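Common to both upcoming complexes is chain A, partnered first by chain B, then by chain C.
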Partner chain A sequence: MVDYYTCTGCSCLCDDIEVELDGENVKIVKTACRRGSNIFLEYKENRAEPIIDGKKVEFEEAIKKGQELMENSENFAIYGMDTIPVEAQKIAIEIAESKEAYIDNSSTYCLGDLVEMVLKNELPTATFEDVKDYAYVIFYWGVDPHNSLPRHMSRYTYYPRGKKRQRGYEEDRYLVVADVRKSHTAMLVAKNARFIQVDDDLKLVDAFIKVIDKQMPEKYADDAVRVIREMQKADFNVIMGGLGLRYGLKGNYEKFKEMMNKMNEVAKVYFIPAGCHANMRGFNETLFEKTGFINKYSFKDKESSLDYAFFELLKNDKVDTALVIGSDPVNSLPFEVSKKLAKINTIVVDPRNSFTAKIAKVVIPSAISGVEQGGTMIRSDGVRVKVNGLFEREINDVYVLERLKEVIA
Partner chain B sequence: MSFAFKLVNRERKLEECTPLFEEEKYVRQKNKLIEYLKPLEEATETGLIVKEELCVGCSNCVVVCPVHVEKDPYGCGSGLAPKTDKLILKVENGVVHVVDMDMCRRYGKDRVLCVVCRENCPTDAISFLEG
Partner chain C sequence: MMRFTKFLKIEVEVVVARNALIPDNKSSKEYLENAAVAFLQEEFAKANGFKENDVIRITSRGKSVNLKVKISDAAPKKGILIPNGIYASYLTNFDGFKRFNADIELVDEEITRPEDILEELKG
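== the complex of A and B ==
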């Protein structure tokens, strides 16, 4: 019997990873992609150490300093939580609630808006298992899964044989890739497939609506007619929307919802967000269950607003203390904004010595999800995945957050 | 022409063409041929060349391989981790490796010029001698 582990490299959360160990050293990682393998192979590299003001201290001291900063904070924010388990995310939300703090994650500028529409049942959705077993048209819109989610196509969507799709991708699937450039995924468009080079996503949305209404669209007429015709051949089709779609829509989500509704009048089409960090959707769902909002939330004002997005809070000097966990904003946010983390009291909880850890006031080392800690994570299609850690460490995200919570509980 | 085919299939060696090596006037042609045939050294028996540095470990090649689908329908054929060790290709430490080329449809007497793994590798980590 083989023990399989879960890769937390991206939101695919592949749970069929085999790992061969030599003591505590990982020797071989089977089946995982290049990104996922290195999480296991290099888990000992670039580890964070307990630090206060740039000086190495004992773990307990770092926890105490973190507690002190949190306790004395008047405008507190928690950011990240993209790679930590749901159990830890819940504690972070409890801390934010007790402190009447702001809470946000990277979904605000990532796929949050698309996830929100799915969670509010404004778009019909499906699971990867359904896609594998039944989907005919597989439409990647504004996403290059070959690079950002390497096993997305081979494990869940286009290539694997499923219950009602047993003849392989050449006969039983129809691939559509809409992108601004000929990405690696677009290069896979061959037989029974179509590449749509988009320069305006809204015009493509409009083309689908007009074609279904039997009108002549301004652009993409041939593409829209062909794709709709293919969708009508099957009772299960899926659109995977990525960051290109999210930004390409320029906030006109009503138009996209109208397109999905129209498509579902003539065929059966589902939507799944494609992209994001391992448990970004986990945070969105956890906060949604608690507050009805998915991100950029203020427990003080009890509402979600762009003003409460972490980068806006930093830009406008609205926070005095920030707890950054499971994210590296100095790496991902514009430096003009993220450099302000060096001026405020920043507490970083991270297993790695991240860029944010290098400028933080307090660094508390934690465990790597899937390697040193288990828990529940939510895949980009909304399926809850039980993650087992390769080794279970006593000091993990749940432990650290529980300790920080002691002072405000 | 037959000698050229056998050369590419590695049934004959360039050294067996004696005039090429013995006569001064063929030196230029000999050097050109040695250069042309250099990729043969890194290719497998079926002409498959794997460039690990270009591979992202997506497993497309493993899942689409018709032999894998037949031998391991509930593992590789279904997109999951292989349930058998009898594979042509496998992904290990994030990159694809050749395991057993004898199973490839391009190998042996009844071979077919299958290129399905190469067709589904957009990063060109997989290529064949014939292009």
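== the complex of A and C ==
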């Protein structure tokens, strides 16, 4: 009997990972992609230590300092939660509510807007299992899964044979890749496939609408005609939208929704956000259930606004203390914003000595999801996945957040 | 021999994208090898006098980083591709989160290390 584990390297949450151990050393990882394998093989490397003001301290001291900073904070924000289990996300939300704090994650500048449209039923969606079994046109728009979601195509979408797709990808799938450059995924475009080199995503959206309305679009006419014709051959097609699409739409989501509605007048087309962080959608759904909003939320004002986006709060000096957990904003936020994190009381909870941990006032070590802690995570298609930890550590995200919560509740 | 490219500064479009080879462990040698890089198409590199493993300075909004040139078919035809992460975050903001313009030039210097950016960040 083989035990399977879940990789938390990206939002694919592949739950077919085999791991061979020698005591607590990981010897062999099977099935995972290169990034996923490294998470297991190198889980002991670059670990965070309890730190206060750059000096190593005992774990309890770091917890007490974190509690003190949180207790004394008048304008508190919690950020991240992209890689921690839903169970820990719920505690973070409880803390934010008790402190009347701001709460946000990376989806605000990542795929949040696309996830929100799906959660509000403004875009028809499907699961990877449906895609595998039924999808004919598989359309990657502004995403390079080859690099960002390495097993997306091989495990869930293009390559596997499914119930109604028994003849393999060469005959039973039609691949479309729209990107500003010929990405590694675009290089797979050969037989039964089309690459659309797009320099204006809105014009491609417009082309689909116009072609369906039997009008001549300004650009991409041939591409739009061919893709729509292929979609009409099947009763299940899917668009996987990534960051390139999100930024390419420049906020014109109504136009995109109009395009999806038009497509669904002539074919059956679903949409799935194609994002990166393991449980980014988990946070969106958890906050949505609680507040009706998916991110950038103020419990004081009981609303979501761009003003409450973590990067805006930092930019405008609106927070004195930030709890960063399950994220490395110094790696991903613009330098001018990260600089503010180094000036305020930043508490980092992370298993790794991340870039943000290196500039934080307090660092509290935690556990790596899927390796040292289990829990629930939500895949980018909305399916809940039960993650089993390879080991279970007493000190994990739930434990640390419960301890920090002691002074708030 | 002095390379003519040393005096050239050209404006290019920079595309930011994920690189599967970047590991989770940001203190590893493998991280630096795969994160501190700029991908150029062979033809574009040749036309502008850049070679594999050259170090180029990328300047945008008054900020610069030095990254190592890697030749790749996945780069834009007339521009460069850099991975998501601390270098891209240093150079750009949300207005050009996935695409922005920058000047590139050949330099006889070391690559920028994340620690250099962290030091500046701490002020």
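Keep this in mind: the second predicted complex is superposed on the first by the 409 of 409 C-alpha atoms of A that agree within 3 Å, B and C clash if a C-alpha of one lies under 4 Å from a C-alpha of the other, contacts with A are read in each partner's own complex, and residues count from 1 in each chain.
The working rule: contacts are C-beta pairs under 8 Å (C-beta built on N, C-alpha and C of every residue); 3 or more make two chains touch, one makes a residue touch a chain.
From a predicted model like this one, the values you see are computed outputs, not experimental measurements.
Considered on the superposed chain A, chain B and chain C are sterically compatible, since they fit side by side. Of the two partner chains, chain B is the only one touched by A:Y4; chain C is not.
Contacts of A:G168 after superposition on the shared chain: chain B is touched, whereas chain C is not. By the touch criterion defined above, A:N147 lies against chain B and chain C together after alignment on the C-alpha atoms of chain A. Once the two complexes are overlaid on the shared chain, A:P160 sits against chain B while remaining clear of chain C. In the superposed model, A:H184 lies in contact with both chain B and chain C.
Once chain A of one complex is fitted onto chain A of the other, the partner contacts of A:N38 extend to both chain B and chain C. In the superposition on chain A, A:K132 makes contact with chain B only, not with chain C. When the two structures are aligned on their common chain, the gap between the nearest CA atoms of chain B and chain C comes to 6 Å. Shared contact residues of chain A, touching chain B in one structure and chain C in the other: 33-35, 38, 146-147, 150, 184, 187. Listed in rising order, the residues of chain A touching chain C in the complex are 9, 33-35, 38-39, 42, 45-46, 109, 144, 146-148, 150, 180-184, 187, 243-244, 247, 276, 311, 328, 330-336, 338-339, 342-343, 352-355, 358-359. Chain contact summary for the complex, chain B toward chain A: residues 55-60, 62-64, 69, 73, 77-82, 90-95, 119-120, 122-123. Within the complex formed with chain A, the chain C residues making contact are 15, 17-28, 63, 73-77, 81, 84-86, 89-90, 92-94, 97-99, 114, 117-118, 121-123. Taken in their complex, chain A has these residues touching chain B: 2, 4, 16-18, 28-38, 41, 132, 146-147, 150-151, 153-156, 159-162, 168-169, 184-185, 187-188, 190.
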